[in-house]
Amino acid sequence: MTSIAFIGLGIMGEPMAAHLVDAGHDVIGVNRSSESLDRHVDHGGKRADSVADAVAEAEVVITMLPDSPDVEGVAYGDDGIYANARSGSLHLDCSSIRPDVGQQLAAAGAKAGIAVVDAPVSGGQAGAVEAKLSIMVGGDDGDVERARPLLEAMGSTVVHVGPAGSGQTVKAANQLIVAGHLALLAEAIVFLEAHDVDTAAALEVLGGGLAGSKVLETKAAGMLARNFDPGFRVDLHHKDLGIVTTSARDVGAAIPLGAHAAQLMGSLRAKGHGDLDHSALLLLVEQLSGRQPKDTSTAPTGS
Amino acid sequence: MTSIAFIGLGIMGEPMAAHLVDAGHDVIGVNRSSESLDRHVDHGGKRADSVADAVAEAEVVITMLPDSPDVEGVAYGDDGIYANARSGSLHLDCSSIRPDVGQQLAAAGAKAGIAVVDAPVSGGQAGAVEAKLSIMVGGDDGDVERARPLLEAMGSTVVHVGPAGSGQTVKAANQLIVAGHLALLAEAIVFLEAHDVDTAAALEVLGGGLAGSKVLETKAAGMLARNFDPGFRVDLHHKDLGIVTTSARDVGAAIPLGAHAAQLMGSLRAKGHGDLDHSALLLLVEQLSGRQPKDTSTAPTGS
Amino acid sequence: MTSIAFIGLGIMGEPMAAHLVDAGHDVIGVNRSSESLDRHVDHGGKRADSVADAVAEAEVVITMLPDSPDVEGVAYGDDGIYANARSGSLHLDCSSIRPDVGQQLAAAGAKAGIAVVDAPVSGGQAGAVEAKLSIMVGGDDGDVERARPLLEAMGSTVVHVGPAGSGQTVKAANQLIVAGHLALLAEAIVFLEAHDVDTAAALEVLGGGLAGSKVLETKAAGMLARNFDPGFRVDLHHKDLGIVTTSARDVGAAIPLGAHAAQLMGSLRAKGHGDLDHSALLLLVEQLSGRQPKDTSTAPTGS
Amino acid sequence: MTSIAFIGLGIMGEPMAAHLVDAGHDVIGVNRSSESLDRHVDHGGKRADSVADAVAEAEVVITMLPDSPDVEGVAYGDDGIYANARSGSLHLDCSSIRPDVGQQLAAAGAKAGIAVVDAPVSGGQAGAVEAKLSIMVGGDDGDVERARPLLEAMGSTVVHVGPAGSGQTVKAANQLIVAGHLALLAEAIVFLEAHDVDTAAALEVLGGGLAGSKVLETKAAGMLARNFDPGFRVDLHHKDLGIVTTSARDVGAAIPLGAHAAQLMGSLRAKGHGDLDHSALLLLVEQLSGRQPKDTSTAPTGS
């Protein structure tokens, strides 16, 4: 049994914390709103009112927050993790943030005697609920091995990809690929519909060949039905593509299609669709093709 | 048992014809070079010296040729399929050609009393050898059903997607997606290598999440090893992307990433790499990132 | 005085023919609709009812038509230019068409003893009316020199750029650059407006530096006022960008921004704006930025 | 006569300061290397060893530095402008930096009683030497009018475009357009050369029509001769395009061609060409087209 402080019980964090409780750990939750904290306590967890309180006695501190400034906000300062956690404890950051911020956290943690491992996840809410997340882990060997049992309680694929910050780099690559796959699928759907092909049948056969992908498998039905309930919101993917663009620029890596997809995601958000699922790229490609959204009022609403 | 004329015993056509022989059909092959014809006969097939001879008594004529002009060349004219095949026979075109040419073939065949079905395939040489091709079929219902048993002898996924030409349209969408997936994977690999991440580990974890794809599954190892033996050649994918671009333009479909990928594939070809596997897009992205190709002389050479 | 048959008295052709009349030439017009023919006769020109009649006695045949098939339609066939014009006459094609069609015309003309020069123009309706067109001329030296006095009656810049077809190639390059300049100006305007800068003042200072261009000089005021009366229509520029894309592909020339601009122009057309001035690319960039078109009901309507 | 502290006597700053001396002002220079300071003194200027010394008695402080951190470095801190300049003095920042940094400078200056005006310039070294810069000015009306006589001593076009930071925003738009124009010209040149057109003649006629631009006018000859001596370096334009991309993202402005041009400029730099003139985008487009750089050893080397 490990004593864990878990900061951030959102859509992803709440089920992740629950799996840790289920695995027999002592999990003290911290969250801005109290509803999910209540459920966490009902599920057998504990609660704290502040980060400082939560981390004081924890062996491991886990953060699962939306963006770089959120993590910096709880990590630094007199009330933060590094000022209050015990020397020798481990900070496991599962948020998706900028790789350079991940590296800075590791350096700041080291000064306080706290090991830092970045462990962003892929797989969405479903993956979190089913403990089937893919987790990309950056940090020192020993620290990663120490974190592994906890990570394996939350995910089905846990891979150590390099030193601190590397997990974030791989997550950025993940978001680059996924944005591109969504845009390409959107283009293919509009192309097929514009040619009056049986698009559902076409996607079936495309999925069986070299064009097959997890995005096609999990998103095509929702896209055909124009059901864009999130899922993963455009706003968040837009944030991530900002990370991708900057990180690529930092190392001189050309990302022609990635930069293009970032423009499309930014447009989708600028048009007011930040709250839709990222598969709503279909809406944008449809508009660029001068096509009215199909009436899908009677369509099935699978995702 | 069906009497079949099979025109085009190339890398794909030869194993496809062999499966038809294995299924008990009477298959008369026609091919420019005689080596594959010899093997076809050894395998239990027959041979003819001309298209006219081959199709004269056939119930079904199958074409498996590189490009639109090749198919037009054997379909039309005094020596061609439609002037020599029997009224009531079926022409099954498995080539990947322009959708509008597919429609023209159907119209020309109809005048000669010959039903035409377009049935381009996806899955590459491996899919052809293992009879696991995905086949996208366009044509009238009755004709497609008549063709289905033969198609199922060659492929594992056979889907009727619409009227004549539709198979080609879906194949075009397939090539659009695949080109984009290859470019994105190339960008991700360069991005990861430039950040000194353990790229092989990273691709493993990417493959387990929403970024997973058939392209990543089948091409990533070869790309990491810089092994670009075809596979599917850049020249052919470039040809196909010309079809995609034109077909999209014809119906006003926006294909922002697709058009971008077409530019990259065209550059790769212009640089003299037309004979490499299309996954060699990695070379181009690497050059755009100012990176030297890695020395992979001691690397494994998987595909 | 030269005897000239002028085929195509449209927005551009009518004033061009008028300049030739003014220069003292004998100009027989041919046109589908009769209104412009009536004006041509009023201006001192002659008329003919058919291409065959018009060209029978002409020393020079000029064509000014919308697209490749239009020129082919009047050039070839029993009723066409090459079957009816005199051996030794000169065909001067001022239309903007595919370079390869320009080369085919030259070859077909040569068989009939007719010299062919391609001489597409830039400068729009204003340039045609004021005889200030830029004319890019392809053909043999002697033929071009023979055509020069006529071209100089219609334009202020007449440059021989290479053999037959070269004029069309240069016109394609012109349309590539202009489309890109329009898109970039649209992006700059949206960028400036979104930052609440005094955009008119900003464009003034941009025009005085390295960002200055003829497009900014002649189109910015209309764009700021959202006045998109043509001018040069989106439909025609879209047609020209098809020529650019294909011609670039034929020689392996990478045109990354050009291909991108072609996608944007195609989208603008697909959205139903084919009849607007090509500077309406601003509408598209505005929509991609989630911005409502400004209310310009009280704005000045310069061009 | 105004007492001026001029910080940054580089390629641009040195001639700008000289014009102020020529206009009768008292100009105290500060610079890291002393060579240009020596020339400044020879020309009638004065020198100071530190920013603090230079600004102590100045009525106006001018900064002309490479990037945002450089300006922040001399503006802030105990040794900086705002801690040492007199209340009531004016800080005129002619550097090209991030618009948000420009706004922060204005706010920090205001606290110290120092008015801040941003006044980035366009026109390159030639424009600086000939006092023909275009200057885009952001700040309060009164401050801008106070600065105007000094700006008019250095430039020929001085336009007030909005509040503090606006000058930087307009400069960003300038760099967006210029990068795009260079890329498009590079594409046109490769397109024309690949078609064996007389490219110099073609550019002459293009320059006379709607494709004409300052970039074509000033850069085409150098590009045809493959003379890429700077001029304005790729490194700096790459920096500026980072500002453009971020600023566009901040306000949701779509910049499809701009983002694309930024990728190309980044590639050119990654390939090791950061020290060449930005017109070297031609090299990149040439490589993307599989073309060898032309042997221009005997070509004229104009710029």
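In this document, chain identifiers A, B, C and D correspond to the written order of the chains, with residue numbering beginning at 1 in each.
The criterion applied here is as follows: a contact is a pair of C-beta atoms (placed from the backbone, for glycine too) under 8 Å apart; a residue touches a chain by one contact, two chains touch by 3 or more.
Computed from a predicted structure; not experimentally measured.
Peer 1: Taking mean CA positions as centres, which chain lies farthest from chain A?
Peer 2: C
Peer 1: Roughly how far is chain A from chain B, centre to centre by C-alpha average, rounded to an integer in Å?
Peer 2: A distance of 36 Å separates the two centres.
Peer 1: Per the centroid of Cα atoms for each chain, what is the distance between chain B and chain C, given in Å?
Peer 2: 40
Peer 1: Approximately how many whole Å separate the CA-defined centres of chain A and chain C?
Peer 2: So the centroids are 51 Å from each other.
Peer 1: Please list all residues of chain C that touch 2 or more other chains.
Peer 2: 252-256, 260, 263, 267, 269-270, 288-290
Peer 1: What topology does the chain touch graph have (line, ring, star, complete, other)?
Peer 2: Basically all the chains touch each other, so complete.
Peer 1: Within their complex, state which residues of chain B touch chain A.
Peer 2: Listed in rising order, the residues of chain B that touch chain A are 99, 122-124, 127, 133-136, 156-157, 159-162, 166, 169-170, 172-174, 176-178, 180-181, 183-185, 187-188, 190-192, 194-198, 201-202, 204-206, 208-215, 218, 244, 247-248, 251-258, 260-261, 264, 285, 288-290.
Peer 1: Give every residue of chain D touching chain A within the complex, in rising order.
Peer 2: 242, 245, 249, 252-256, 259-260, 262-263, 266-267, 269-270
Peer 1: Of all residues in chain A, which touch chain C in the complex?
Peer 2: Result: residues 256, 267, 269-272, 287-291 of chain A touch chain C.
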